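Comments concern the structure below.
Here the chain labels run A, B, C, D, E and F in written order, and each chain numbers its own residues starting at 1.
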Amino acid sequence: MAANFVAYLAIFTFTAAFSSALASDPDSLQDVCVALPSSSGGVKVNGFACKDDANVTAADFFFDGLAKPGLINNSVGSIVTAANVEKVPGLNTLGASLSRIDYAPGGLNPPHTHPRATEIVFVLDGELDVGFITTANKLVSKTINKGDIFVFPGGLVHFQKNNGDKAAAVIAAFNSQLPGTQSIPAALFTATPPVPDEVLTKAFQLGTKEIDKIKSKLAPKK
Amino acid sequence: MAANFVAYLAIFTFTAAFSSALASDPDSLQDVCVALPSSSGGVKVNGFACKDDANVTAADFFFDGLAKPGLINNSVGSIVTAANVEKVPGLNTLGASLSRIDYAPGGLNPPHTHPRATEIVFVLDGELDVGFITTANKLVSKTINKGDIFVFPGGLVHFQKNNGDKAAAVIAAFNSQLPGTQSIPAALFTATPPVPDEVLTKAFQLGTKEIDKIKSKLAPKK
Amino acid sequence: MAANFVAYLAIFTFTAAFSSALASDPDSLQDVCVALPSSSGGVKVNGFACKDDANVTAADFFFDGLAKPGLINNSVGSIVTAANVEKVPGLNTLGASLSRIDYAPGGLNPPHTHPRATEIVFVLDGELDVGFITTANKLVSKTINKGDIFVFPGGLVHFQKNNGDKAAAVIAAFNSQLPGTQSIPAALFTATPPVPDEVLTKAFQLGTKEIDKIKSKLAPKK
Amino acid sequence: MAANFVAYLAIFTFTAAFSSALASDPDSLQDVCVALPSSSGGVKVNGFACKDDANVTAADFFFDGLAKPGLINNSVGSIVTAANVEKVPGLNTLGASLSRIDYAPGGLNPPHTHPRATEIVFVLDGELDVGFITTANKLVSKTINKGDIFVFPGGLVHFQKNNGDKAAAVIAAFNSQLPGTQSIPAALFTATPPVPDEVLTKAFQLGTKEIDKIKSKLAPKK
Amino acid sequence: MAANFVAYLAIFTFTAAFSSALASDPDSLQDVCVALPSSSGGVKVNGFACKDDANVTAADFFFDGLAKPGLINNSVGSIVTAANVEKVPGLNTLGASLSRIDYAPGGLNPPHTHPRATEIVFVLDGELDVGFITTANKLVSKTINKGDIFVFPGGLVHFQKNNGDKAAAVIAAFNSQLPGTQSIPAALFTATPPVPDEVLTKAFQLGTKEIDKIKSKLAPKK
Amino acid sequence: MAANFVAYLAIFTFTAAFSSALASDPDSLQDVCVALPSSSGGVKVNGFACKDDANVTAADFFFDGLAKPGLINNSVGSIVTAANVEKVPGLNTLGASLSRIDYAPGGLNPPHTHPRATEIVFVLDGELDVGFITTANKLVSKTINKGDIFVFPGGLVHFQKNNGDKAAAVIAAFNSQLPGTQSIPAALFTATPPVPDEVLTKAFQLGTKEIDKIKSKLAPKK
């Protein structure tokens, strides 16, 4: 099962997944500035350079990748499918994006933050236990069901857990074109290069052996 | 504001318009600032004053009012149910909100703008013809189906039309806690006091009689 | 006269005219970033790329195109002359611009929005009936005279009508370098490709024949 | 604040400075938030608290105080008349304001900054020599005439001088509801309590006697 | 808020975390808006309501609490002393604050985020191993010494560790008046009410017993 | 820009002014956007274009240039050493920067503004008399000592004077990646081309001869 978590991370990287975030993006200075991939245009700026207006089409504002559940093949039992500016170029400079998150029974979207956005989830199916933690270390949590919405304030650590016996899914909305996602376990125990053991042992008051065990279990599978 | 809000809802029901969109809200200066109703606290500010932290609960970040389709009882055949800061007080200062829009077969969410937000819709059910118009008078439109998403850039006139033969519904996400909605037909033909006839006749190149006919047809039912 | 409206639109396109707007632009990150035309520099970004500092001159911050009345040759009897970042490159990243609007006797600046700015007008000459409509469908209107100012809040539909018997003119100030203008009649009835008839008939509760008549009258002249 | 404001105006009249500013104001979170005077409502916030919507009228968005030239009775020969949020309560949260500046022949609007806005002037009458200085100590200046516009980038020291032989006047537009004005000579030589002599002598490489002479000449008249 | 704050400080002392944050604060709408404590004035807003201008003094912009090392009496060996808007009321609406962080030999400022600010540290004394982790799970780290500075980008997990044999100290600067600090170990293992065990066991791939051991070791001392 | 920058530094050295600034920078749209020098990449934008992510290293977020006192060789007796985006490319889009200011006994950082930032100083050594002036011409000043902090609100004229008999130094923090500095005496008396004599004589109520004397004394040494 440990090895499975690695797969989770791998998918993470692959799907450019993950959900949310904090601050408000800068305002747009024209109607639209459809993102031109850095790879094609060359120059990289805050956000993306714009495609020529003459080439803008409805397809730039459309995405059908959230229609079906993502494939869950990892140890945590959840998968995020993003519809941010990297997938929907028309979102560039517009300050918003969506994600779909699917959860197997028992599945967890591990504690994480979105450095650049607030998140609101709408439950498509199933039941979830959700919560966020304030900087005063207060947990605000609730069980939510199909059709319910819940708000995760910008930048705060939060999670969703499917404690039901059937699959669950949500649509997550963010006030950023690219909210970013920082999964706490992944950031601390699987970063490259690794976070030094002496940081983790002192932070979690664990021995090096226990830290290495966590690192091993969370390590992406080869 | 309470009385004002009732009037707003009445019009809302009639035109069935309305979802939201454009600028980024100011950033939050603390984890959360749960809205305190003006009616209860007295002072009105940009957005809302905050509830005392000690009284903040998970219910402030939760809403179940989008779970079921709204009741469509108007001539355009669509209804918007909002989940903005007025319904979800925890959204105050967080820069995001949602709405649910339901469409009868043939139903239309009439051309409208959101003065303060970009909008992204996710289709829950059915098929919709959607579009927005740029300030260069270019229509960008597409037919979208269940599971698809489409982006309406901030402040631009846009619409959704259900040309299918069954009901449709979307979840709409906005990057503002209160995007505002300005239905074009309602604003021009049903405002109180009314927009002067000489403005409308010249704007639409119609006679007074024709303008009055539109006003009469669009007037909220008693 | 219908044909004349087309001319109005044509000039619109030509002068890149138009007046107003909504949100606050992003703040500047240096003293000045004088706009480099996309056509000359290649890359397009949110706003414009900057000219080399060494080539910046006072002419970049100057414009004499608002000194004289614009030529009114359209059916609505008004013309907007813009002094935005497209005409005054020094405005890039500075979050402000001006326009001059001229009105023949009886002339109308048709109901429109500025998706990215608030507008304040100062009356240079004549008398105008002006108004804006809130998202609660309340019309706020007033007759203003030479030397008066009036505020049109960001993103809301507004208009100005010269009911006097002599020409009128205003200077309009915006808090955006390119506020954008969306004329409601033009957006709905003259967009390319056209807004579908079934959207307009349902929105305005008119028959196809009446919609086509409006389209025909508002169509740009060949 | 009332007493404070009187003092401010007194200095205003003396230095005849004063129009504009730099950064973009925070975005509005509702259609309008008409300023409620601190003196009447009690609470002071960033900007102003809002008047009840039911009491909002067109008069809140209107001002006729810029129609006539201000009275020039000071040594610099110019006078600023502001139309900011303190005079036009409807401007609260909308991010824009205007001023009128009148200049006697030979009159000067002394070097000053607007800490919170960019300024654009439109010349109503006469001819002016205007300029701003960048942080690289480059003077950007020009002679402008009736109908011309000129841009003063946010936060930079700038001035206008009427070198013509007749009166001149401008309308100045700002992208802030209260741009603030800091007249350099007034700030350094007439502040209360006074800026210490040892700061001024070293800054301007003058003797105490010369500094005191300037202070005496610039001191507000009793 | 007062009671809340005491609890906050208690946790602060325990985890010894915590300095900074991410997004840019909203801009100021006047020169200064010195914070009026919610406890004294009543109304709570985004940030703080303002003190009357007449009562503003230099003391509102001054703080001497960073002059001496904070007292380190916790298991991680570091302590943060904040100079944010709660300590320096003049910072309200100004978008900046400072902290001082002291580290015993071997001391750690545990992995944490600042939901509302970027942080720059300047080393006053000693040597530190510092690092941040991007959302792509890349660790960016460096050893820094007296007089060096290092930047921690907004919202990302970061840490500082004193691997030297003498005490170390830094001044940390933030672009927010109240950046907020979320210590990862404290948030996940000491929140009230506690984060459910099934979330933590799945997230870290540990058994309940091991999770409880961490909770016990990190629990604030009575 | 390279040549420009040299000139800038030359003036910097002369006036020994210069540290900080006012408005909040636009928010970042990705984790980091390390500045690519205009000279190497070609395109100039608001702020800077970004380096390719693959080439980002810890060195981009590090600077050791504030470790030692700057060399004071000018008439005012102070020197500013900046650690802004031009020196620390990792600061691009992050909205913060630092400076170090050194003061000889009797040294003055002359009255100046930062058009794009608020400043907070932390005293490293010595004693300073500091102050800022509001737009209501109120001087807010204080004597501060080692370990104290003082806030200079965005955009307002301020100064620091070392009236002690030993050297002093501060670390200054800004909420902008490039706050800009406008030294008042340098801007008015040493700009290129020069501010016209008739502006300065009228502004300071001095004769041309006295103005020329100041210009001569403040002129950069060859």
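Note that in this section contacts are C-beta pairs under 8 Å (C-beta built on N, C-alpha and C of every residue); 3 or more make two chains touch, one makes a residue touch a chain.
These figures come from a predicted structure and were not determined experimentally.
Figure out the least number of contact steps between chain A and chain E, where 1 means they touch directly.
The fewest steps needed to get from chain A to chain E is 1.
Relative to chain F, which chain's C-alpha centre is the most remote?
B
Between the options D-F, D-E or B-D, which interface matches A-E on more than half of its contact pairs by residue number?
D-F
Farthest from chain C by Cα centre, which chain is it? Let me know.
E
How many angstrom between the C-alpha centroids of chain B and chain A?
Taking the average C-alpha coordinate of chain A and of chain B, the gap between them is 28 Å.
Quick check: how many Å separate the C-alpha centres of chain B and chain E?
One centre to the other, that is 39 Å.
For chain D, give me the residues that contact two or more of the other chains.
4, 23-28, 31, 43, 45-47, 53, 115-116, 131, 135-136, 141, 154, 156, 176, 180
Mind listing the chain F positions that touch chain C in their complex?
Interface residues on the chain F side: 1, 3-4, 23-26, 43-47, 115-116, 176-178, 180.
Sort out for me which residues of chain A touch chain C in the complex.
26-31, 33, 36, 41-43, 45-47, 49-52, 92-93
For chain F, which residues count as touching chain D in their complex?
Where chain F meets chain D, its residues are 4, 7-8, 11, 21-24, 75-77, 106, 108, 110-111, 113-116, 129, 131, 133, 135-139, 141, 154-157, 159, 161, 163, 180-182, 184-196, 198-199, 202-206, 210, 214, 217-218.
Within the complex, which stretch of chain A touches chain B?
23-28, 31-32, 53, 56-59, 61-64, 66-68, 83, 88, 90-91, 94-98, 117-120, 122, 124, 131, 134-136, 140-142, 144-154, 156, 171, 173-175
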